[in-house]
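First the structure, which I've put down as structure tokens, then a few questions once you've had a look.
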Amino acid sequence: MKLVTAIIKPFKLEDVRSALMDLGLQGLTVTEVKGYGRQKGHTEIYRGAEYAVNFLPKIKVEVVVPSSAADKVVEAIVRTARTGQIGDGKIFVTPVEHAVRVRTGETDDSAI
Amino acid sequence: MTERTPRRLAVMAVAALLTCVASAAALAADAPTPNKGDTAWMLTASALVLVMTVPGLALFYGGLVRTKNMLSMLMQVFYTLCVVCILWVLFGYSLAFTEGGAFNAYVGGLSKAFLAGVTADSTVETFTDGVVIPELAYIAFQMTFAAITPALIVGALAERMKFSAIALFIPLWATLVYFPIAHMVWYWAGPGATIAAAKALAAAAADAKAAAQIEVDKVAANAGLIFQWGAIDFAGGTVVHINAGIAGLVGCLVLGKRVGYGREAMPPHSLTMCLIGAGLLWFGWFGFNAGSALEAGGTAALAMVNTFVATAAAALAWLFVEFLLKGKPSLLGGASGAVAGLVAVTPAAGFAGPMGAVVLGLVAGVVCLIFVDKIKNAFGYDDALDVFGVHCIGGITGAIGTAIVAAPAFGGTGIFDYAAGKVGDYNMTAQLVNQAYAVGLTLLWSGVVTLVLLILVKLIVGLRPGIDQEREGLDLVDHGERAYNY
Amino acid sequence: MTERTPRRLAVMAVAALLTCVASAAALAADAPTPNKGDTAWMLTASALVLVMTVPGLALFYGGLVRTKNMLSMLMQVFYTLCVVCILWVLFGYSLAFTEGGAFNAYVGGLSKAFLAGVTADSTVETFTDGVVIPELAYIAFQMTFAAITPALIVGALAERMKFSAIALFIPLWATLVYFPIAHMVWYWAGPGATIAAAKALAAAAADAKAAAQIEVDKVAANAGLIFQWGAIDFAGGTVVHINAGIAGLVGCLVLGKRVGYGREAMPPHSLTMCLIGAGLLWFGWFGFNAGSALEAGGTAALAMVNTFVATAAAALAWLFVEFLLKGKPSLLGGASGAVAGLVAVTPAAGFAGPMGAVVLGLVAGVVCLIFVDKIKNAFGYDDALDVFGVHCIGGITGAIGTAIVAAPAFGGTGIFDYAAGKVGDYNMTAQLVNQAYAVGLTLLWSGVVTLVLLILVKLIVGLRPGIDQEREGLDLVDHGERAYNY
Amino acid sequence: MTERTPRRLAVMAVAALLTCVASAAALAADAPTPNKGDTAWMLTASALVLVMTVPGLALFYGGLVRTKNMLSMLMQVFYTLCVVCILWVLFGYSLAFTEGGAFNAYVGGLSKAFLAGVTADSTVETFTDGVVIPELAYIAFQMTFAAITPALIVGALAERMKFSAIALFIPLWATLVYFPIAHMVWYWAGPGATIAAAKALAAAAADAKAAAQIEVDKVAANAGLIFQWGAIDFAGGTVVHINAGIAGLVGCLVLGKRVGYGREAMPPHSLTMCLIGAGLLWFGWFGFNAGSALEAGGTAALAMVNTFVATAAAALAWLFVEFLLKGKPSLLGGASGAVAGLVAVTPAAGFAGPMGAVVLGLVAGVVCLIFVDKIKNAFGYDDALDVFGVHCIGGITGAIGTAIVAAPAFGGTGIFDYAAGKVGDYNMTAQLVNQAYAVGLTLLWSGVVTLVLLILVKLIVGLRPGIDQEREGLDLVDHGERAYNY
Amino acid sequence: MKLVTAIIKPFKLEDVRSALMDLGLQGLTVTEVKGYGRQKGHTEIYRGAEYAVNFLPKIKVEVVVPSSAADKVVEAIVRTARTGQIGDGKIFVTPVEHAVRVRTGETDDSAI
Amino acid sequence: MKLVTAIIKPFKLEDVRSALMDLGLQGLTVTEVKGYGRQKGHTEIYRGAEYAVNFLPKIKVEVVVPSSAADKVVEAIVRTARTGQIGDGKIFVTPVEHAVRVRTGETDDSAI
């Protein structure tokens, strides 16, 4: 299996989620993260003090899929998460050796 | 004072009664009784000033610190309120508002310590001859002033002073700085004695003039030093704001900067809380300023209108200049401007006309903004929540400005001359000098004593927590709690 | 008016005095002086309406927007308060409450611009002949009304209107909509002149009747158009709520929907803040409604009780219907119902009996719920915080309902006939018509002028930020700050 | 009562008038009219008690629960306020404050159900003979007391009682517990009748004495049971706090512990909200206590000062003992102490001298701390927000303590003897017994009826949600909303 | 070494933690995440607007363990995190090539 | 490529970030996490109730880098995140099979 991790713009989450569901996936996990990258941040001023904020709010989507499905998933995310502007994010694919469903104890492909 | 006219009428009405039944009138004359309208207003005003402190000031300050120090800020303000309330009834009121014998120019005596002799029937004079309010209402009202003043200081010491140090410093400061300054600025013999002496002098036969004059001088001398100088401070610009502001500056200089100051970002953790606080400050300030008229009359109404417009003007001024300088007007700017305006109008509230108050507000907004945004950074000291920049600078602007906007020529009320029984001729230069003296003495007294007290406290319990502790935040270190557990 | 009885007594007491000392009484008659109880209450009421706006309304609205726009909402309400306060003392008060010459039916004049001639001794008549309050207290009180009305509008424009556009729109709206409408509804010659003219007519000899009648008509004609029509609005259902509500509707139609409206979830970021705001609104509304009696008497007490029960009834009605429709009563529903009840009882506060107020509240709760939950969705416009649904619909319900609950037959007070010196016969149909006219004119005037102003503002600075900016949120885009940095 | 002196003067003034024009005075004598100062203060006090409940109490409680139950806590307090307001005008006021015929010792009648016969001109007697206030002001003021009392209970039931159960329980409790207890403690014939009867007795010829005595007894007997016993409760220590506190204890015992209690951490989700609530409680409590004087006079001022210092003293006591026991004074401790002090001074507010109030506060702070921190844990019941520990224990401390601090010997005012027209001789032991009886009956009545009602409610709708639902939190389960969506 | 990642129900964290400590582990890292899956969410209604909330609060536990210990760890988590109801969560095992303790610079097994 | 995951003390984030930028990296993702380990927590007391808080706030830094750069990156983090006191944190290196830049679709090394 593979763990597909995507860092995307927050308002794209809903589109990405439904695209993945259309691929027949049944679950995923999201985390609110802050991203630093080419996309420039903004400046905040509080009275005399000026702060450059480089970290922008992003959403991290993690989904574990059968190895076979990885490419379709990546492609679906790229398609739905893209706005074409700097800051659209990244997708990383990493290997997963083993998966278990806590409720049933089922393992691997049948666990996800 | 604008209660003149009504008063004269009242007097004449009483006169009418006199012609009917001497006894009743006589009695009434002996013991003037409070007008329930005045009492109702003073009770309301006292409650308003409490809410101005907690939660008002606590939130205004708390919203500006980082999450990890929110609770400590709330605690420091809350503690200050509580401890000063108790000191006030134990001896504070007496030190501020009783005759102080040899030291009367500087501080009162202990004749009313523990509120000795004060009952629900006791009354005190207002600024109008023959008009009194229950002494307990006056005690409650002034108590809130004594409580909020030291609470203002903690904003300058925010995020880095141990609670144990605060707990020690506050009562000492209230006792050695606030009570004396309040006495110096506000204590006097009252209208009754003043007028009586003046009348006596007028009536005195040629040979008795000298004696009568001596009496007049005695009465005039029975007042705090700054009051004797002739400085005016309607609701406490000097006593409260300059006083606390300079103490804050000295405090943050003695303490030094917060760990990470200038390197780490320290944005306000909740401008929402800050705005709630600002709103409640404004709300409570109506009690603070309009209540200082001590009567529910035209002067109180004037003070209220001025407290509306000076505040609004200062907020708009701050927002506009921010817009010019940075392109973006900010909520923190608006709130800071509002407070600057409130501070500046405090000494002028009952003396300025509405248009004078607007101008005063505009000036205060700009002056404080420039000081807080530019000058402070130039000096580079860490006045965490700009207590000096807003309260002291704003207070000085107001104290000096009062001499100008109080001028009848500029729509002000002028100053009532009790001896003459009417508003006296207004000498602006003289008044400016008086105000300057008041400001100077307050800066000196408060600055020096604060320095001494902090050194003392440092020796006893120390001032700052360890670096790691400061990093972890005062909430956990001092109080073992967190402000939020979402 | 319920001050009758006390007043008559007072008058007789004065009469008593007269027999003793003409002079005193004479003088008293010439210049009635404010009762300090009334003044105390009016000062308190003014402070209450401030807290109703900031932080009250600011939090009620702010809690309902998304985190990224919280600060902008607070800012817009705060700015509105400040700018209108200043306009008010510059010319607003004069435009609303002075004689307007040729245009008197629509707007006042500039005779009191810059509060010219207003001193701490100036007084204005209340609704009771011979009873006055300090004019500055009245100015402060009415100032808060002028400030909160435009602030209500911004709720409909929330999360998508540039601050620069708001900053331009608000002062224009206050000047061209609020001041005139307030004049049309509330400006009149006052009890003194009215009664004097009526007395003169009664006393006039047969041949002088005609002349006297002309005088009576002149006095009656010296009032705003809607007042002349005989419409009643105790505390501003028409002037404040319908007026702001329709402006909100026009505004959100001109602006268009928020980016993502209907597709993205836009839950309130903090119902806690919303509830704090609702509580402070209720609290402040006591000043708003009970203060509108302009005296601390039975009518004020009646208005207060009505403001308690109508609000409670509307909240319960909303909760109950929600329970029936969705199975779950919600806090937002309860708070919305409370505001709907407050809005609806505003015009009726001093006219309805408590039971009438309860019924009015129940009706308003149900009507507004249905409108906000169902009808609005049917139309599909994006009135972000339901300003139209709650304030305009609730206001109309109240304005019309007032004609019913004010009826003595239904426990109302009826309407006092100054000429007759007693409550007049009550004609409900006639009153319903008067109220309908008032509503109609307000909808028309406010709707049209608002439309024109927004188009104007659009041409000058534009109304909406870019899509990406709107996504990022107005807090950062307009103000460079964030409401929270936890 | 401290209104004596002013009153006597007033009377003499009237006497003066009498000699001039009988008619006027006569009329005045027949129908005393409210002093506008008193009315202004009572209106203000009523508004203050509203803000004390919402948002005050709602936030104090809400801040202490976990995020997932915040909204439900706000809702329960808000709902309670609304539903009790309505019950109050329907029949509550009548049950509490009218003559109850056969059951008069326990509950009033229905003669004023729907506020029948109450108009804006109706007045009620205060504690001073001949001084009245508008009945509607009194109704509004007492309404707020009726509303906050049941709202106090929900703190003990927090985080685990279904809203449907609350919705049913609250109105029943108000009707069967609050209204009767309020009647028992506060209902009496009033000063007028009391003094008249006493005068008649004094004046009666030897043979008429017996009859006159009977009349005196009749008047004395026209009062609630606890009032007849001679127990004193200035502002509701018994009626409000002991009453709600014991109901809370019974409630949490019937409900059982929260899921995870003792195992999972349940820290307050926002001590910031808790402190805002505490501040608003203090603010509102001035209306609660000082308003209970029913006049804007010295007694109100005394109550206000006491409400300042007892609260401050209790907070400091709690903080200091915490410091001794745990080394860290906490904000929650300070807030809890403040509330404990407010509760304890409530029955004593107008009877104690300031120093007595300080001592009472210190004692209450320590007693409640020990109870909440130690004794409660020993018993191990889950009084979620310590309603019993603070309100009942603090209330008992206050009720008993009042007998001590009210003693003139300890600077108290003593108890006014209307028959004698002066403060009577003070018998502390007797008073202690009276107070103990009052406490006992309240504990018994409230405890038993609460138990019965909860069992009833359990049968009808059940008390608790399912375990999973409780885990998910009442906000989503009962109301389908979340307090925060950051 | 292996990185064991478990998505569990929040109120189970304490049990899982102590179970892992009983196995002799000395540290772990947790993150608040939102999970989408078979477990159905709830609906929130704000005035007229109704929102279906599909993402439920979950806790992500990450613990790096010696390869040998992986199975024991997985088994312990399954045992303690299970309620038997939908939404109990998943466990994923992924390879870790290298580990370092910042404080000491110790590496791999001795770093954890 | 490698995913370097570092758990560090929050106030060290800024130093770590700039150190990584100095190495020429252009992006990274951070998450607020809670850590349990040797570093002891604190106790919170609310009225009678006492809670031992074992989870301390930490920052998780995730950065995907070319395999060749992994060691330099780890070394840089160790250097900048170290205070020498317990709780400084850990660094884990895991393999990444595939990376995509959403905006452009670029893959692998050129995607990061």
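The letters A, B, C, D, E and F name the chains in turn, as written, and every chain counts its residues from 1.
What we mean here is this: a contact is a pair of C-beta atoms (placed from the backbone, for glycine too) under 8 Å apart; a residue touches a chain by one contact, two chains touch by 3 or more.
The shown structure was predicted, so the numbers you read here are calculated from the model rather than taken from an experiment.
Shared contact partners of subunit A and subunit D, listed by label, are B, C, E, F.
With steps allowed only between chains in touch, the distance from subunit E over to subunit F comes to 1. In terms of residue-numbered contacts, D-E and B-F present the same interface, as over half of their contact pairs agree; the other options in C-E, B-F or A-B do not. Here the spacing of subunit A and subunit C, counted between their Cα centres, is 51 Å. The mean-CA centres of subunit D and subunit F are about 56 angstrom from one another, to the nearest whole unit.
Between subunit A and subunit E the centroid-to-centroid distance comes to 18 Å (mean Cα coordinates, whole Å). Counting partners per residue, subunit E has 31, 44-46, 94-95 as the residues that reach two or more other chains. Multi-chain contact residues of subunit C, defined as those touching 2 or more other chains: 17, 20, 35-38, 40-41, 44, 267-268, 276, 326, 328, 330, 332, 480-482, 484, 486.
An unclassified topology is adopted by the chain contact network, corresponding to no line, ring, star or complete arrangement. Of all possible chain pairings, those that touch are A-B, A-C, A-E, A-F, B-C, B-D, B-F, C-D, C-E, D-E, D-F, E-F.
Those residues of subunit D that touch subunit C in the shared complex are 17, 20-21, 23-25, 27-28, 31, 33-44, 46-47, 50-51, 54-56, 58-59, 62, 70-71, 74-75, 78-79, 81-83, 85-86, 89, 114-115, 118-122, 134-137, 139-140, 143, 163, 273, 276, 478-486.
Those residues of subunit D whose C-beta lies close enough to touch subunit F in the complex are 265-268, 326, 328, 330, 332-333, 336, 372-374, 376-377, 386.
Residues 2, 4-6, 9, 12-13, 15-17, 19-20, 35-38, 40-41, 44, 48, 66-67, 267-272, 275-276, 278-280, 282-283, 286-287, 290, 295-302, 304-305, 308-309, 311-313, 315-316, 319, 326, 328-332, 334-335, 338, 353-355, 358, 413, 484, 486 of subunit D touch subunit B in their complex.
On the side of subunit A, the complex with subunit B involves touching residues 44-49, 51, 53. Here subunit F touches subunit B in the complex through residues 11, 14, 42-46, going by the rule given at the top.
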